[in-house]
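Chain naming follows the written order as A, B, C and D, and within any one chain the residues start at number 1.
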Amino acid sequence: MSQPPENLPFARYSYLGPAGTFTEAALLQMPGAHEAERVPAASVLSALTMVEDGTVDAAMVPIENSVEGGVTATLDAVSVAHQLHIVAEALVPITFVVASREPTTLSRIRSLTTHTHAWAQVRRWAEVSVPHAEFIPASSTAAGARALLQEDHAADAAICAPLVAEQLGLHVVAHGVEDVAGAVTRFVLVSKPGPVPEATGADKTTIMIPLPEDRAGALMELLEHFSTRGVNLCRIESRPTGDGLGKYFFSIDLEGHIDEARVADALAGVHRISPKIRFLGSYPRADQRPQQVTAEVSEAAFSAARTWIEALRRR
Amino acid sequence: MSQPPENLPFARYSYLGPAGTFTEAALLQMPGAHEAERVPAASVLSALTMVEDGTVDAAMVPIENSVEGGVTATLDAVSVAHQLHIVAEALVPITFVVASREPTTLSRIRSLTTHTHAWAQVRRWAEVSVPHAEFIPASSTAAGARALLQEDHAADAAICAPLVAEQLGLHVVAHGVEDVAGAVTRFVLVSKPGPVPEATGADKTTIMIPLPEDRAGALMELLEHFSTRGVNLCRIESRPTGDGLGKYFFSIDLEGHIDEARVADALAGVHRISPKIRFLGSYPRADQRPQQVTAEVSEAAFSAARTWIEALRRR
Amino acid sequence: MSQPPENLPFARYSYLGPAGTFTEAALLQMPGAHEAERVPAASVLSALTMVEDGTVDAAMVPIENSVEGGVTATLDAVSVAHQLHIVAEALVPITFVVASREPTTLSRIRSLTTHTHAWAQVRRWAEVSVPHAEFIPASSTAAGARALLQEDHAADAAICAPLVAEQLGLHVVAHGVEDVAGAVTRFVLVSKPGPVPEATGADKTTIMIPLPEDRAGALMELLEHFSTRGVNLCRIESRPTGDGLGKYFFSIDLEGHIDEARVADALAGVHRISPKIRFLGSYPRADQRPQQVTAEVSEAAFSAARTWIEALRRR
Amino acid sequence: MSQPPENLPFARYSYLGPAGTFTEAALLQMPGAHEAERVPAASVLSALTMVEDGTVDAAMVPIENSVEGGVTATLDAVSVAHQLHIVAEALVPITFVVASREPTTLSRIRSLTTHTHAWAQVRRWAEVSVPHAEFIPASSTAAGARALLQEDHAADAAICAPLVAEQLGLHVVAHGVEDVAGAVTRFVLVSKPGPVPEATGADKTTIMIPLPEDRAGALMELLEHFSTRGVNLCRIESRPTGDGLGKYFFSIDLEGHIDEARVADALAGVHRISPKIRFLGSYPRADQRPQQVTAEVSEAAFSAARTWIEALRRR
């Protein structure tokens, strides 16, 4: 049932720039994105604004912890901007290279530029491999790399994504310098509401649920609506609503698609206790891992139950 | 919303006899039953069989602990007889009189006849008030009373329902002789499936749910389907299915009517995990106590949730 | 772990009589009961009263649907009698014989005596095999059988338990005449509180829980205390408390013994929300089916959790 | 019951520096911190390392979204560093000033320096009030402010915390320039394990729970352990464990203290299903909001339940 998605119906994209970021790498995973126009944005908010005002068709932004920031900003922005939906996700391995303008060796590097978050992720490597190098903060990993091309650049080398080193023709002095290998960051592609992407059998749905009441058990009553329909959550985060102390909403990714009966039924149940629930999109999983659905929450089970009730009521 | 029911569309009734039982008293509570034909049956099963074979239109039988027996028999019979539904319930106060053929006093009574269950319920009174009276078992309280009219009757008096004493023209020597005052027995009126009685806002629904799996938590998963829809249970009993050790079904009365969204939604949810669930009827409560329904499980909440989902899916 | 129990420490028993009932058959299953004194009682209540006043050490009474009645009476009696505990259970196959004083054949039987409940259970057989026989009600199956020995007995034969036919030296005209084969009735042995029988690994615990609040979800909150400790229920019945409409208690049998951590922890949890919970005993299962306990609710898991908490608090 | 904490038993602190950050403002809320030694650290990890190696007694670090970063790093660091506990929390209002070395006006500012996260939070203000000002990234808001003091500083002004402007004697050109007023960031004080701070009646407890099984309902089974003990959660976040796809742990703040029976009982329950649960500390709430505890989860209820069980078992 799960298959590689076809080209997306978009001609112009924005993304959290500048060019060469991990976010652009995520965008380039989208079928057709290589040929599409790709507009870097200075912030997640500005990338999303370009979608809202029609400058672009869709925006790729980080949704989880990213070396270039973004989580909170993205979630808040998407929630504020009532008119945007998630239509795809991408997973990008987070790996760093040390790049320089001219060929060199680690021992000759006296200064390194990168985003502070990236620097935090290579600190142990730096203490061992370039112990005397000074750190010069940049506004993004890509901006740091790009600065090397300027005449009066301050740093000897940059810590950046492989993509930007390749795009700029920089020399890779070292690669895989991140302290923790295997990290992956998640990105989402956001567009104006249109047809929900078709169910593939390996989908996610993202929602925001204001907590109706702040008391023991309120979250559990909410989650019962998912568990009684066999809907698994892949992410849950409580976040303050911002309009007062002690008030929360839950940002949730769940396994499944709004077109599946078990998902629609669970969301309808939650809507009754938290009518301000917001649907942010159903879209194919980046990892294409097929959904496990037990018999009692299959389409057939929902359909049989509905038929039974209708027969009882018709008499 | 709740109002006295109109005449029922039935011309002939059976009931657990003989004439004068508490079951006939229950039947006489039904609007129009005084004028209808009332056929006493020797057992609950035979009363129900008369409905199935068309001899009568409906049968009144005890469903909870009754002085004249019946609980188990009734439940089992109704469940076996796949074609019968509950269409009404009745509550009858259980109070006993001491009745005799000729006027007499308690001190002159040397023997008393009644059903053993009734005898158990007046034991403490009997020890104090008629300590020397012998107990002669009868097949029902009404049969005991009726025996007094025979020429060679063995007992001086009978312990019976007020109704039968009145019907037979017996003398009431004492009344209210039950040891525990205030007991009430519940009866149900059963007929062949037809239109479900209309919702009154004070209804009950009776179902049978085979337990899908005998393990810790299985019952709770079942009950979550009721609690997440705000459906209150008024009775639950686990009972062996009879086809093997360790297998159960639940006999449940819940508050509400199949035509209410919250009830239908809960039953549909249970149907998914226990597809052999059986609907035994939605009918007005005898006590006419109106249903309390919170906002989150109101018809409006279900309707709003459905509308929201449909709008999301239509895009 | 599960093994046949040793002789019980009782010398005198009461039971729901008269001699030869299924209840006496249940009592005779108890190790040592053949040699003990066995006192028949006229009712469940009177059998229990003999325990309370010290006339006997323990009483055997039916706890589930019995051909000779008893369920409700037993449960109520045990609950009223605050000082009694269940110490053992017995399962008796319900099978009937047709017994007569002198050798005869079915075709020559014109009248049959038995308890009305027993009669209900052989009706279909009777319609086919002794269609013209008159039914004469008896106060118990054993009393009907015993009446055959009287000079002026009215009935040609009795429907009774095999035990009483054997005890009275009656002729068995037919056996296995019950309409539904395989029925089993459950009995419990009740005594004054003393040491709880030791855990065998195949135990049951009986409790009564007043429902703290009559609303949707109240039962589920109660049951969560069992499911979060992996405690399976084998029987649950809601029953009116008798002191007003809409108030219930739950009569529950659960798998496990009060000496097991998971059972004690669940009962302590229920005690917090329903402090009037009553413990009616932990005792070996009659079917000796060993308890399945998952790792997360094992004694080891409870012990490890306690150790962890204590270490945290000690710092 | 809730009262201002006394001086903490610490003489030396580290914090996410440099001096003048919101984190130092959080540290200065701790009783006695003004007089204590305060060592700025370049990263959350390095602040925590100073605690582990004994350089300082405790470290103040951001735990939720912070303008100067930190959430993920902090949580991960604390979880990796098995030997650290949270002993206090602080809430700091996030408000920014525009600061310059010499008195000036907004209209004369051509360039502004700050951390990119801070810049994102004043973007709308900047577009309106200083539309032509260039943004120069700094490694922290405090570092940007401090750079103004250097001879060759590039920026005309800095966006920074009020604290650093005051510490450095800068001129405040504008204040309250953040786009969203009222934001508050949460910080925690972390030290080596020692006695848990005493319960005040207004406490939080932080824990990490590896999800034992990734399936629908697994989270709910976990949360039942809190809801059945009336324990309210104030924060929940699912986070990948980092050792494989589809594996999660939950980072949770709950209301209450490990010394309360309801909290200890809930944690013990969770320990059974997820024995790798980690306790990160019980500590007074910064907002001193007293805990609401219902009767059924009070110390008295737990104590009564324990007493009842022990009495049953002792017999």
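Quick note on the criterion: contacts are C-beta pairs under 8 Å (C-beta built on N, C-alpha and C of every residue); 3 or more make two chains touch, one makes a residue touch a chain.
Quantities reported herein were computed from a predicted structural model and do not represent experimental measurements.
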item: Interchain contact steps from chain B to chain D (minimum; 1 if touching); value: 2
item: CA centroid of chain A to CA centroid of chain B, Å; value: 59
item: Centre-of-Cα separation between chain D and chain A, whole angstrom; value: 24
item: Set of chain B residues in contact with two or more other chains; value: 224, 227
item: Chain contact topology (line, ring, star, complete or other); value: ring
item: In contact (per the touch rule at the top): chain pairs; value: A-B, A-D, B-C, C-D
item: Complex interface listing, chain A residues touching chain B; value: 193-196, 221, 224-225, 227-228, 258-259, 264, 267-269, 271-273, 275, 279, 296-297, 301-302, 304-306, 308-309, 312-313, 315
item: Chain A partner contacts - residues on chain D that touch it in the complex; value: 43-45, 65, 69, 71-73, 115-117, 120, 123, 135, 137-140, 143, 180, 182-183, 214-217, 219-220, 223-224, 226-227, 229-238, 242, 245-246, 287, 289
